[in-house]
Each structure stands twice: as C-alpha cells, then as structure tokens.
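Naming follows writing order (A, B, C and D), and every chain is counted from residue 1.
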Amino acid sequence: MPTSFLGSALRGTFFFIFGLWWSVRYPLKYLRRKTNAENQPSYGLRRVEVFEGAVKAFFALAGILVEQFVPSGPHLMLYSPKTHSWTDLTHWHYTTMYLFFLLSGIVDVVSHSPLKLPLGLDRLSLSVALFMEGLLFCFRNYGDAALDQHLHSLLAFAIFAGALCVLLEVFLRDHIILECLRTSTFLLQGSWLWQIGFVLSPPWGGPGWDQTDSSNFSFLTMCFCWHYAGALITLAANAAVSRWYVSPSKPKPLWETQRCVTSYENRASAWSRGCWKGGGRLGAQHPS
Amino acid sequence: MPTSFLGSALRGTFFFIFGLWWSVRYPLKYLRRKTNAENQPSYGLRRVEVFEGAVKAFFALAGILVEQFVPSGPHLMLYSPKTHSWTDLTHWHYTTMYLFFLLSGIVDVVSHSPLKLPLGLDRLSLSVALFMEGLLFCFRNYGDAALDQHLHSLLAFAIFAGALCVLLEVFLRDHIILECLRTSTFLLQGSWLWQIGFVLSPPWGGPGWDQTDSSNFSFLTMCFCWHYAGALITLAANAAVSRWYVSPSKPKPLWETQRCVTSYENRASAWSRGCWKGGGRLGAQHPS
Amino acid sequence: MPTSFLGSALRGTFFFIFGLWWSVRYPLKYLRRKTNAENQPSYGLRRVEVFEGAVKAFFALAGILVEQFVPSGPHLMLYSPKTHSWTDLTHWHYTTMYLFFLLSGIVDVVSHSPLKLPLGLDRLSLSVALFMEGLLFCFRNYGDAALDQHLHSLLAFAIFAGALCVLLEVFLRDHIILECLRTSTFLLQGSWLWQIGFVLSPPWGGPGWDQTDSSNFSFLTMCFCWHYAGALITLAANAAVSRWYVSPSKPKPLWETQRCVTSYENRASAWSRGCWKGGGRLGAQHPS
Amino acid sequence: MPTSFLGSALRGTFFFIFGLWWSVRYPLKYLRRKTNAENQPSYGLRRVEVFEGAVKAFFALAGILVEQFVPSGPHLMLYSPKTHSWTDLTHWHYTTMYLFFLLSGIVDVVSHSPLKLPLGLDRLSLSVALFMEGLLFCFRNYGDAALDQHLHSLLAFAIFAGALCVLLEVFLRDHIILECLRTSTFLLQGSWLWQIGFVLSPPWGGPGWDQTDSSNFSFLTMCFCWHYAGALITLAANAAVSRWYVSPSKPKPLWETQRCVTSYENRASAWSRGCWKGGGRLGAQHPS
C-alpha cells in the first residue's frame, strides 16, 4: 500500500486549514465571551458552525469521489472478478475515513437546524470520525515497511489525542483549553501528513527514505515533537494576531474594547450571513 | 474452538434487538423530557426498565441452558473422567458470559423494586457483564487462526467501548449522548457477530475465509467501520421515525407537541402497565 | 520465583477479610445515610476508619516481619557477599508491597487525627499501594512459567481495577457504587490469591498444574470470571443480611426504621469506642 | 546512545528541586487557604508562580545551550555532510525535551501577566512537556540494552503519571491531592534519573551493571518502588516541617494561627516582591 505524496498532502491541507481556522475562531470566541458576557445572543457563532460543517462535508464528499474515480481508483468496485480477489483496498480505506467525516459534517449542519438535536452530538460525531481514522491507520497492512509503520503510529498518537479531546468536549463544551488542544492536534495532524508524504514518496521523485536506518526513526520521532511545537507556536501566533486585530491598543477603557468586539461581531456576521438563513435555537441539554 | 454460525447469529440477534429497542426508546425519552419537564412522574419509564431487565435475564438463562444441553454440549460436566482432561470449554465460556448478563438482568429488575438499591447499580452490572465478555473474548485460545483473532479483537473494541460508556453512565445517568453511544455499540456488536458467523463458518457450508490472505484483514477492518456507519444510520433513522410518529407535523405550536407526547406517554404506559405492578420509588442518590 | 501455598493463602485472606468487612460496612453506611440524613454526627464512622487503618498497618507490618525472618527469608540482607549476587528477591518484593500498605494504614490513622490533613489522602495512599502491588506483579520474572504469568496477569486486572476505583474515590468520596466496586475487587483478589496457591503449589503436595496445556489457560480465565461472580454474590448476600439484621421487618413507618438504625449506631459505636479516643474533626476540603 | 552520569544527574536535580519546592509550597498554600479563606488577595502566590515559570524557562534554556555546545555536542548541526548521515541525535533529543519545558516556562510567565490568558493553560503546557518527554524516552533506540530499556520504561511510568496528573489539574485546579501527587512524581523522576545514572554509567567509572542478569531487573523494579516510598516520605516530612515552622505550637486559638500565617504571607511576599512587579489580575474562567 504505497502512499502518494499528493494524497497525503491534500489530506494534510484539509486538517491544517481546519486547525488554522480554529486557531483564529476559538481565541476570538473566548475573548468575546469574556468581554460581553451574556448580553448578546451569539447568532453569528451558530452560522459559523453550520458553515464549518458544510465545508467539512463538502471536502469529505470530494475526497470520496476523488479516491473512487481517479484513474487508478476502484470505481466503486470492491471485488475484482478477473483476479478473484479484492481490488486495491487503499482507496477504499480512505473512502471509509472520509465517510465518517462526511457524517460528522452532516451532523454539524443538522444539529444547528430547528430540529431539537441534543447538544454534544456534533462533538461526538467528530470524535467517532477521528477514532475510526485512527483505527484504520492502526490496522493498515504495512508489511515490512517499518518506517512507514513508525510514521503512522506517530500519526495515530495525534489522531487519538484529538479524538479523546473531542470526546471530552461532549461533556465540557466550550472549554477554551480543550478547544486549543483540539486545534493543536489538527495542526499537528495536518503538518505530519505533509511530512509523511515527503518521507515516503518525495514529490521530486526518488525512493523515499531508508526504511532500515535506525537513525531515521530517532530523527522522525524528534521531528514529530518539533511539528507539535510548531503547531503550538502557530496557534499562539494566530491567537495573538487575531486578538491584536480585534483590539489594537490594549490599555483602553472597557467600553472601547466592547465596541471593538461588537464591530468584529458585525463584520463576522456579515460575512457568514450569506450561508445559512434560519437562525434556529439549539435546544440545550444541561450535562450534570 | 470453532465458531458455529447459528450461535454467533443468535448472540448477534440478542444484541441487535436491544440496540434497536434502545434506538427507539432513548430518543423518545429525550424528547419527552425536553417537552414536559418535571411535570409528570415517569412510572412508565420504570416499568419499561424492569421489563428490559426481565427480557435480558430470560435470554441469558435460555442461552445458558442451550449452551449446556445441546447435543454437543457439556451437560454441566466440566471435567471428563474418561479422557482425564477438561471437556470442550467453548460452551462453558459462553455460559460464563451469559451468567453475567443474567446477573445484570436480575439487578435491573431488583433495582426498580421497592428495595432501596442505590441508583446506578443497574448500569454497573451491565458494565461488568460487558467487561467480562470482552475479557473472555480477549483470552480465548485462537491457536493459529489469525483472522479469527483479528475479527474478535475488532469485536472486543465494540465491547469495551460499550463497557466504558455504560461505566460512565453510572456517574452521568440519563445523558442522551451516552445512551446513543451505548445503543450504537450494541448495534455494532450485534451486526459484527453476524459478520463473524458469515466469515468463519458460512451458513451455506464451506471452509470460511482464507486465514492467511492479508487483504482479508484489510477488508474486514474496513467492513467493521461500515458496520459502525450502518449502526449510526440505523440509530438516526429509528430516532427520526419514532419522533415523526410521535409528532407527525413539525411546525406546530408548543402545546400541540406537548399534548401529542402526552398521548404517546399514555399509549406507552398502557402497553407497559401489564408487566409490573408495584411502582416503587427508587431511592435516588445524588452523585456529586 | 516459586509461590508458596501458605503465603498466597495468607495474602488472599487479608484481602478477603477486608472485602467481607466492607461488604457489611458500606451497605449499612448507605442505609444510615439515606434514613437519617444530616441529623447525627458520624463519630462512629470515623473511629471505624481509624480502626481499619490500624488493622491494615498491623497486618502489613506483620507481613514484612514474617517475609524477612522466616527461615528461608533474607533477614534484611539484600546482597549476599558470599555469592556476589542478590539474595532471593521474592521476599523483598513482598516486603515492598506490604510497605505501601503499611504507609496506607498509617495515612488512614493520621488523616482522622486532629491534624488537618486534606480529605482524600487516605484513598490516594490506598490507590498508590494497589498500583505498586500491580506494578510489582507485572514486572516479576516468571521465566518460562506461562501459566504462572497468565494467573498473575489476571490478578493484575483485579488489582488495577481496584486501584483505579480507589483513585476515582479521591474525587467522588462516599459514592456507594464505587465502594461496592472496590469491595468486589478486594473479594476477587482475595479468592484469586487462594486459587493461585492451589494451582501453582497445591497444599497436598505435587507439582502444580501443567504449564503447557492450553486448556488450563482457558479454564482459569473462565474460573476468574466465576470468582468475580462469587465475589458479587457474596457482596449482595452480605449487604442483604446486614440490612435484614438492622431492619428486620421491612414495611415499617419511617420513625421505626430510624430508631432501629440509631440503635445499630450505638451498638457499633460501643464496639468501636475502645480503640481510639480523640474524635478529631477532619478538615473537609470541598472538591469541585 | 550512552547515558552520561553528569547529564542524568543534572536532569534529576532539576526535577528533584522542583519537587522539593512544591512539597513546601503546596502544603503551606493549603493551610493558608484553610485558615484565612477568601479574606486576603493572594498576590504573593501569583508572583511565586511567575518566578517558578522563569526558573523553569531559564533551566530549560541553559539545558538546551549545554546540550548543543558541549564539546561532543552537535553545535546546532543536524546533518553531517561529511558522513552523509545524521549527527548524534541524543543531544538533539534532550534539546527537544528542554524546548517543551522552555515553552511551559514561558506560558507560566505570560499567563500571569495582564494579558487575559485562559486559566489552566500553564498546567496544559506542563502536561504537554511531560507527555513529549515520555514519548521521546519511549521511542528512543535502546538497541540490545534491555536493562537500559527497563530503567527508562519505569521512568516513563513516573513521567506519564505526572503528565496525567497535571492534565487533570487543568480541570480540577488547586486540588491539594493532585498537587501532592504531582509533587511526588517529580521527586520520583528526579531520584530515578540519579539512579539511572548510577546504574548505566557509574561516576567512579566502570562498565555499568550487567544488562543480562535477570535479578538486576527484579531488584531495579523493587528499587523504583522504594524511590517512590522515599518520595512520599520526603513530601510528608517537608509538609510537616513547613507546617511546624508556620505554626510552631499546635494547640493554639484560631486567631493566633491566623496571625502566624499572615506573618508568613508577609515574609513570603517580601521575598518574592523583587522578581515581578505588575501584579496583574488573571482572568478566571470557570470550568463547569
């Protein structure tokens, strides 16, 4: 099961974009919640979440179609009657992964519709999607490719850390620390998928790194840590920049900050107003 | 230890029926709790839980008797004095599993009786039953049958996920997300037991799938994910249908919805009134 | 590292006695808390806990002395200068285990003294003792004795389940479900240590069971489940009997029940009054 | 990858000093919180935490510089063009570890500045640093050195126990039991790093212990438990001494104790006043 650079990079880009987006959104949400507590209904927030879900579902659906209908793909054939064996299952594996992200996206959209879906179902579906992704990477057949397996077990760390974090968010919703942790695991996953692409099938051709050299293992373990450090720094930088953009001069009276955030709110609402009309109230369940 | 198709299918049916039942019951309970909060005592609910426990205990007892007294069964003999060795322990293994579900069913019935049993004991006993089932599947002797072991380790995932979920319910009772998660793991377990039956001993005879072909492993891992996707879709469909049945026309004023649910309540109560008389108050312990 | 029957049975008896004692104490405490909530200071309870800690510390100290000073013991020698190697470390392993239970006993006694120790420290020290016991059993050198290792890995399950349960009690103190779970794991550990003794070194002499017969593995896994079923039934029976003893006739008005429990309280206090005098107030920390 | 005694001892000293410091600080904080609840703003506390973060960051930065620029170090070179291979990655591994402690120190300092960082970010960053340390020790290439691996897997226990404990502190902040547990894991990690140094590369020269003797494994497992017992006793002794220092004569009226603590508060404030001026209010988020 060879890994293509392009596939790995596209998957990585998907996770990285979500991470980047969240690294702007959650710090701003936290700031807004702190400054004007409880005095403004957060309609904009809800629209943004629906938009996110729609984007997730769209990417996942596109991924499924691409995996199935690229020239080397299975074209929805699972069993090849010619060779009396399964077709190449790698594409099907990725199709299965994307299927769960598609489900997660649909649940995101539906759970903010006027249907009274229980709160937390969107987080649960994202957690399930990540667990399934981790399961599929864990049970992939790596054969003798020890470095391949090492790279993917490090990836599985990032995936399961994200999955556990999102699962916890079912019970501790809107907890800024958990949201930051989730964002950092998405950034890590995204950049690590790029790294996997570079290591196993470099875009400039060539055979990939030596699978037997033990110093490659050491280096890549370390490299994984650097990616996480980079993810944390990206998160911090984005949070700082978006904060500075909202309130450019810090030592300012409170009403100034508030007005400033409100203007941001308007800007964000204006931007997101186009994508979803019915601002349905979500029936909130109070977890004990 | 060969797996018979019939045994696997029967076990699967048991779990699947419970999953289906819960996929109707819990969404309705959630809807009812949301619409008429706190103004009606839920006697019907209690009777349903006692009925569930009785069904569980009955199935488990039947399972124990069948395992022991089928022609090839051990007939309660553990040690064969003829061969100076243990009799075939597979039947005993399943007997042990069913024993814990029998205990769980008895605890369900007793914990809703006028005895003041602590709240959460029914969930704990179900969790223990699932953990023991998982333990027995994990430590089974699979010999060289690698595919058999792979199938059962995937099953163990479903079992332990369910066990952890039920254990969490001891502390977070009546949490709709956890109830949905539990329902989905039961549906998954049920359908996966059918799949195991088809793979290891097909009902149309034949030797089962090739235990050495690595693409079978890949396919079945993926297939497990599809089963879970199917379980989630079944759950969603059942929830939607049962909701539509209760309130056929959605854009309706609030009092209409409420009346509608109340009539469901009466219908459900009428149905369940026959099975248990003493509507004992359960002494509620407040978990911190 | 051979296991002696006597040692295993004595250890098992220690855990079993604690389990039996708790299976009487916790249901009664739960009943008392339900009937007369908040209107009586629980001095008796505190004395009982101090007594428990003292008994635990005494048993642990006795165990340490016995392990060190039996004829085959190391007599506090760790390194043998004659053979230039470590002395038999099995005795030292058990000494180390007992040391942590000794610490746990001391913490129990001290944490109910007038010193303002934080609440939950007694549970934490018991949890640490169990984790250390599990660690020592996991890393023991079993050599080729596969059955020995299997028996002890099952034991480790019981130990770690108990340790996690006690750790949870640090945060959810006086939760009857957790107390029952802990009691059942202690009963299981106790009876399983007896089983280990019978399997590895039968008291009637002989070589122990065949370490290579795979059906022995299957049987003992199953047997472990039966032990747990037995532990649960013992717990239920003790709870029922002690409850019946306190309130012999169930359908009784509330004030009767209350008087009855009060008389039990007095009886229990009278019995435990001899062992500790200063009824110090424990400084309660409120976990969030 | 040989372990040098000096490096191991220096790392151990860093963790041990932090453990010792916390074993004084947290019991005092707990005592102060119990005696004068809510009537004094804890400015001193905040300054102490900033000072702690600065010390942590300084040590980590010093460690990075030392690892890179010792004569045998890589001098910031990662790839050696001469040998066409990676340079010695051990130094880079430690550099990576220190990097995360540096980040944790910076977060500590920043999160007590007037910037409104969410509460709990300092604990999260420490937890991340410990997880990364554990990951790097787990995936190190030990080659045939089985004893080396055993020593480091025991170390990983201590690290992950600390990481989980700190992660829990994100949600249960200022919980004295968790703070004690964290302190004990730091003391354990510190002393165990010294032990690793003595076992693998004794300071008096010589080849280190026999990697093949199985009784060494048994002894070191046991020794790990003793280190933890020692850590617990150190913690208890420090807590007792610091308590005795604050309130020398125990049976004293309440106002005396309070005055005494207040004078300690002043002393501590006076000591820490020099290190950080802007006593910024930390924006407290209320975790649910």
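Before moving on, here are some points about what is shown:
Everything below uses one rule, namely that a contact is a pair of C-beta atoms (placed from the backbone, for glycine too) under 8 Å apart; a residue touches a chain by one contact, two chains touch by 3 or more.
Going by UniProt, the chains are A, B, C, D = Transmembrane protein 45B.
Computed from a predicted model, the values in this text were never measured in an experiment.
Of all residue numbers used where subunit A (Transmembrane protein 45B) meets subunit B (Transmembrane protein 45B), under half belong to both copies. The two sides are thus made of different residues.
Subunit A (Transmembrane protein 45B) maps onto subunit D (Transmembrane protein 45B) through a rotation of 90 degrees [Cα fit, steps of 5, range 0 to 180]. Subunit B (Transmembrane protein 45B) and subunit C (Transmembrane protein 45B) have CA centres that are 32 Å apart. Annotation: 46 Å between the Cα-based centres of subunit A (Transmembrane protein 45B) and subunit C (Transmembrane protein 45B). Of all residues in subunit B (Transmembrane protein 45B), those touching 2 or more other chains are 287, listed in ascending order. The part of subunit C (Transmembrane protein 45B) that touches subunit D (Transmembrane protein 45B) in the complex is made up of residues 85-86, 89, 92-93, 96, 99-100, 103, 116, 118, 120-121, 124, 128, 132, 135-136, 139-141, 170-171, 283, 285, 287-288.
Residues of subunit C (Transmembrane protein 45B) that touch subunit B (Transmembrane protein 45B) in their complex: 30-31, 34, 157, 172, 175-177, 180-181, 213-219, 221-222, 224-226, 228-229, 232, 287.
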